[in-house]
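The next block holds one structure in the form of structure tokens; read it before the comments.
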Amino acid sequence: MEYIQISIDGILYGSSYSLIALGFSLVFGVMRRINLAYGSSLLLGVAIALWVENKLNISIIFFIPIVLFFCSLSNLYVERFCFAPHNTKAGVVVSMISSFAIWMQLDEISSQLLPDRTHSFPSLEISTFEFGGLFFRGDQILNIVIAFIIAAILFLAVYKTKYGIVLRAVSNSADTAKLMGCNTNLVNSLTFIVAGVIGGIAAFLVLSTESQVTPLFGFWCTLKGLVAMMIGGLGSLTGAFWGGLLLGLLEAHLSYQFGPISREITTFSILLIFLIIRPGGLMGVNIYKDLKSRDERI
Amino acid sequence: MLELKGLKKLFGGITVLNDVNIAFQRGNKIGLSGGNGTGKSTLLNIATGFLTAEEGAVILNGDDITHFEAWKLSRLGVKRTFQKVRFNEALILKEQLYTSDDIIKRNLHILEGADIIDYLYSFPNEVPLPILRKIEVTRALLNRPKYLFLDEPSAGMAATDLHDFGEFLNNFIDAETCLVVVEHRLELMKKIDAKIYELRDGKLVNGNIFV
Amino acid sequence: MSLYLVTILTNMTLISFIAISAYLILIVGEVSFGQQAFFGIGAYMTATSTALLGLDIVIALFFAFMVSSSFALVLSFLTVRLSGLYFAVASLSFAELLRLSLYKVEYTVETNSGTIGPNGPEGFQNIRWIFENNISPENFLVIALSSLLTLIILLIFMENSKLFKNARLVGKDQIVAQSIGIGPFFYRIGFITLAGGVAGFGGGLFALFNTYVEPSMFGIMLGVHGLAYSIIGGLGYPLGPLIGVFIDIGLLESVRFLSEYRMILFGGLVAAILIIFPEGIISPRLVSRIKRKLVKKNNA
């Protein structure tokens, strides 16, 4: 019984990883680039929204759209500043490093906006319920449901709609898509905005579950999202969803066995083991074909 | 002797090469022709270690080297050039010969004969393509290749340049080297008087395509 | 010289070691987010050798170099199939694992001058080497700076060697490297190991200077800085990383009214510099151009 409870908690907790990983994965899937400032831009969005809320004292119904707006805005800033100028093939690494550097900037701005170590965050106040001797946190159930819905919507949008074709065309070869008359610049910006909205939802759900926000939230997001995405398989939407749940599950069990400090150690160990043994992740994305020989016909 | 035995290569379910056998003898000049997508470059990549075949073996002087990495093959004297010339835009061409000044001095006759000596201090983007092709071949020649594979050397070259390039090959490829030219045009092969094979439907045809 | 200036200069010197170690890995075409851990390992190693074992500083720094480069060697073998983003993330997780395991290392000894030895999250305190040997801050700066200069002069000489040219080729285009008989494997392993050692050496000096170290000092932000320095400095010449260090610490931190916003400014500055100079300020192309000019002048 105890193990089942831990597994349930882990999976429910992991759904927030899934949500963040979906945002990551969307950006990677379309642009073949990694946005290391993702977590920090979510933190910045949340920080600005909290600041606005403090000034205007608004209700939670208006607070949510404000969070989403500022999250996508700061994500767009990262795209314009770190990704748009480096849209050549040689720019893959440069844009990654550039986003790495912007990470510092966004984190610092956020901690200027949130001067205390912890800030309270509006909570949804959904009660915990019991079912067959097992406890379920209501807000976490909401979390996993929303994660599933977003994953499904993204999946359908990418594989079943006209816009999805454009996305996949840009992903496959940005140059060819451009020649076919596709505005890759616009596609990239929109991708970042959508990723910002998804990240904003994730950030809101996670923070309202915790009912507080700390300046470490940015790093936490980037880290967990990155690990969940890499476990699932880079650029795979379904992989990101399952990767998050698996990470949550493993973390819950291992931190139950070896104490809470080992949670971080677990995260990195899982990541390293996956990278060494199965770099393509759960979905087995073929990384050698993808990143090396893909663009390269000798 | 470099032998390819029973090569089979698939790309995503499509058979590109199917039971290809060929032997390269030092001193020979061989041309591999064939239309687009018939697997010429694939054959070259397998012979030089840049790809591995699903089936079959690559044998050098009786030793099985099928699973050797490309750099090892290169050390054993199996060298190549590329369809799209590969140079580092940030370095002058002299540095991109990747050899010592000593060897350059000793092989000055090649550099002079090929008319590339004036370009050694230029960046790749300041130099016309035919010269870059010759420099790429020279880079291989300075390392004394035993088997030299040229991948589509005539791509992007005008007829006069091709003539010049053929002369260059005739002058500086010695009798110790096996030269293999992979092309879909035949001018260069005729110019260097190569024995021509054709790849068709994944098979090697001893082509008499002059007629 | 004022103490403030000496401290800033020493900090610049010490962080240059991380920047140079990031530079060495960038030469073979990889990006490492994990050099801070090797810096930390070197710091703990030196602290242990001098404070616990009472070894000579030269031996202590040698140990720091050897141990951190061995860890880097392990990393390079583990990641032998990975490159690009995968290598970057693997190096990050390896580094964080090393750092987090430092939280678990506890071995303390009570002495007259206080507790010494690694003590979990408390870190390693009372590294009294500078006090015991009466090293003034100025003298320490001389020691650190001369080691850095030796390293840089060594690298400048190596720059024209076949080893470095081949390594650069491996970093730029593995396919051409293979086609002329250069195996990328050895260069990658060699340079990652060397980079780990260089970072460890710097970390050793840092431990002596700071007199105490703790695991939280070697977090990812240290690595970001080191990497950013070498990226904006450029990969053309070993002096590149120092330019990055100078811009960040020399300009932003030492100018008082800027230092409060240093991280905000520096983060933006890195992104802006990368837009103008995608290959860094001293790019390989710039170095080649200068070299060519010099050759032409000599010939004329």
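Each chain carries a letter (A, B and C) given by its place in the written order, and its residues are counted from 1.
Methods note: a residue touches a chain if its C-beta (ideal position, glycine included) is under 8 Å from a C-beta of that chain, and two chains touch if they have at least 3 such contacts.
Small disclaimer: the values here were computed from a predicted structure and weren't measured.
Trainee: Where the centre of all protein Cα atoms falls, which chain's Cα centre is nearest to that point?
Mentor: C
Trainee: Most C-beta contact pairs, which chains?
Mentor: A-C
Trainee: Round to the nearest whole Å and give the separation of the Cα centres of chain A and chain B.
Mentor: Inter-chain centre distance comes to 47 Å.
Trainee: Roughly how far is chain B from chain C, going centre to centre by Cα mean, in whole Å?
Mentor: Using C-alpha averages as centres, the distance is 42 Å.
Trainee: With chain centres defined as C-alpha means, what is the inter-centre distance between chain A and chain C in Å?
Mentor: That gives a centre separation of 30 Å.
Trainee: Find every residue in chain A that makes contact with two or more other chains and list them.
Mentor: Residue numbers touching two or more other chains: 298.
Trainee: Which chain C residues touch at least two other chains?
Mentor: Answer for chain C, listing residues that touch two or more other chains: 175.
Trainee: List, in ascending order, every residue of chain B touching at least 2 other chains.
Mentor: 50, 82
Trainee: Can you check the complex and tell me which residues of chain B touch chain C?
Mentor: For chain B paired with chain C, touching residues are 48-50, 69-72, 74-75, 79-82, 86, 88-92, 95, 98, 100, 121, 123, 139-140, 143.
Trainee: Mind listing the chain C positions that touch chain A in their complex?
Mentor: Spelled out, the residues of chain C in touch with chain A are 31, 33, 78-79, 81-86, 88-90, 93-94, 96-97, 100-101, 103, 175, 220-221, 224, 227-228, 231, 261, 263-264, 266-268, 270-271, 274-275, 278.
Trainee: Could you list, by residue number, the parts of chain C that touch chain B in their complex?
Mentor: Residue positions touching the partner: 162, 165-166, 169, 172-173, 175-184, 279, 283-285, 288, 291-292, 295-296.
Trainee: In the complex of these two chains, what residues of chain A are touching chain C?
Mentor: Counting only chain A, the residues touching chain C are 34, 81-82, 85-86, 90-94, 96-98, 100-109, 112, 219, 226-227, 230, 234, 261, 264-265, 268-269, 271-272, 275-276, 279, 287, 291-292, 296, 298.
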